Amino acid sequence: MKAGSNLEKILTGGRFAVTGELGPPKGADVAIIERKVKLLKGNVDAINVTDNQTAIVRMSSIAVSALLKQMGLEPTMQMVCRDRNRIAMQSDIFGAYALGIRNILCLSGDHQKFGNHPTAKNVFDLDSIQLIQTVKKMRDEHKVLSGDEIEGVPQMFIGAAANPFADPFEFRVIRLAKKAAAGVDFIQTQCIYDMDKFERFMQMVRERGLHEKIFILAGVTPLKSVGMARYMKEKVAGMEVPDEIINRMKAAGKEKAKEEGLKICVEQIQRLKTIPGVHGIHLMAIEWEEVVHEIIERAGLLPRPTV
Amino acid sequence: MIIADGKPVKEIMAMIVPYQKIVLAGCKGCVTVCSAGGEKEVGILASALHLARQAEGNPIEIKEISLERQCDTEYLEPLRRDIDGYQAVLSIACGAGVQFLAEKFRKHPILPGVNTTFIGVTEEQGVWTERCQSCGNCLLDQTGGICPIARCSKSLMNGPCGGSKAGKCEIDSQVDCGWQLIYDRLKDLGQLDKLEKVMPLKDWSKNRDGGPRKRVREDLKI
Amino acid sequence: MDKFEPTIVAFCCHFCAYTAADLAGTMRLQYPPNVRIIRLPCTGKVDVRFLLEAFEKGADGVYVAGCLEGDCHFLTGNFRAKKRVAYAKRLLDEIGFGGERLEMYNMSAAMGPRFAEVAREMTEKIRKLGPSPIKKNAERPVQSAERKEPASGEEMGDAGLQGKSGSLKGT
């Protein structure tokens, strides 16, 4: 056991894991967090806390992760490379561990151009793979990057993201292998709509034996409308939405769109459960946390195991 | 070469409000090649400023001069001869040139007429793009001659990130994904194995992060 | 109050616009005497500096006349001119001088009447706009001290400017 977190125990115990996501408030209002937590509690094994996602300033991931811990849930603290240098990152990893956080997700981070502070300086002292190496060095070698000994080792369960659909497609598995070599323990993918392409990706993953080295959680996001499906297809980088899905959402019409979106999501989860090498799902119900319970229940994944 | 871009004329006019006699100094180096501060641009800017100030009823006398370079002391001599009687110098050389003038002509305000932007190349006439970030520790041998620091928007050493789509960067569909370029080049060279190793952390202390830099060749000092 | 007579400078390419001007003359077409023609081998020779200097020397309006698009004697000279005229127009707008005082026209060598029409059109347009903004403060003379002559100035000026170098008289 590397960190002893709930997520790690479920995955190492061979259970199918379910993680959720929570976007912190654009301010210091804790009540917003409490509302979202109510909808997620009991439905997921751990909750990702995003780190200034899309470069929009929100309450810090470490603070919200600490609050989640206080509320009795397990956070997965996301850390991006855009805003912090190696000094601040290692410092925050110490702090996170001290606050009871045991899962960390290492990400590059969306470029600040997307957010509300496009004139900010970006940092990118490290990239996500070097960050994985850093956390691993701190946890397993008990050293910071400079080689100095650590006073109190942060035992983190190390995660990262993978995008099976970004380009170049042939390179995605190699990059995943790099992350595994760097020391990652688990991976969450971007949300998947093109199941066939994902199956091809998983085939390449299995050929390299990666599914036995790291835990892979497949990302899913329920669609609310045909407009949302189209937006994801056209405007979101690294997202692929097959026409079949767009057509189903369109055919459902305005009243039945949400119901169809949930149906598609549950079908996707059922299919993902059957793919060898997929150890769980990461459900990102963006600004639609109310449906998390229904989705997990209909997918036959409740109750969540207690370990 | 160093690429620069002319400042908006209004911004320049605001800078020269207090002056009636200025020198407008161009440079025959980099800024000539990127058509921002050469002899031709000196002429056009001088004409525009004449017209603007005359229309305001506050004419301006402009001495037009183009120096070989503004970053070498010897080449500043022509300006030393001509500068008397003028109140300020508007330089449309790069930032290095402007600053050197300021060091050598301490009695005159030296004003920047261009924004110095990047180290780059001429892709075609009229189009210049960034290639180098002067990081101080070149690793182009490892990436097929394409720089991830300058050409990846996030300066990733182990890219691409998840935002790379159809060879373009997530920030702008007109911007190439640096890592796609590196991948393609290494594929052509048969060196894709280079991408399977994790690139180590960058030593940014050799970059501007470590403080203003200096290069000395003792063997060349007189 | 005297009626304002604009001074218009027209940069005309030898192969089309200038020939059209010749033809207008042969056809005895009437067009305003306000237009002073400067012949160039091709409008591709036009430099932004010429356009601005024409205004500095007292022109109230300036236009560039070249071959029809696609028919330039030197193939793409008139496309280059088009871009430079657009650039100069933007610059003139930015300094508050008025980019509408500068235009580009295209015509074939056979279009004598079009030449005359353009001359009329431009003269009337500038008449309405009024004298160049630098003239309203003409109590102080235009200072063009120590200006270096443009290196390619020799090609300018044929059947050209009245009043030689220095300011063009307005009336």
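To keep things simple, chains are lettered A, B and C as they appear, and every chain counts its residues starting from 1.
What we mean here is this: contacts are C-beta pairs under 8 Å (C-beta built on N, C-alpha and C of every residue); 3 or more make two chains touch, one makes a residue touch a chain.
Remember, it's a predicted structure, so these values are computed and weren't measured experimentally.
> Could you name the chain whose Cα mean is nearest to the mean of all protein Cα atoms here?
Answer for the innermost chain: B.
> Specify the chain most distant from chain A by Cα centroid.
Most remote chain from chain A, centroid-wise, comes out as C.
> Taking each chain's centre as the mean of its CA atoms, how far is chain A from chain C in angstrom?
65
> Per the centroid of Cα atoms for each chain, what is the distance between chain A and chain B, given in Å?
40
> Would you mind pulling out the distance in Å between where the CA atoms of chain B average out and where those of chain C do?
Chain B and chain C have C-alpha centres separated by 35 Å.
> Provide the list of chain B residues touching at least two other chains, using ranges where the numbers run on.
Touching at least two other chains: none.
> Within the complex, which stretch of chain B touches chain A?
153-167, 170-172, 177, 180, 183, 195-202, 204
> Can you tell me which positions in chain B touch chain C when the two form their complex?
8-10, 13, 40, 43-44, 46-52, 54-57, 59-64
> Show which residues of chain A lie in contact with chain B when the two form their complex.
By the definition above, chain A touches chain B via 81-82, 86, 108-111, 113-114, 122, 124-130, 133, 145, 161-163, 166-168, 171, 174-175, 177-178, 181-182, 190, 237-238.
> What does chain C use to touch chain B in their complex?
Against chain B, chain C makes touches at 47-49, 52-53, 55-56, 91-92, 94-97, 133-134, 136-137, 140, 142-148, 150.
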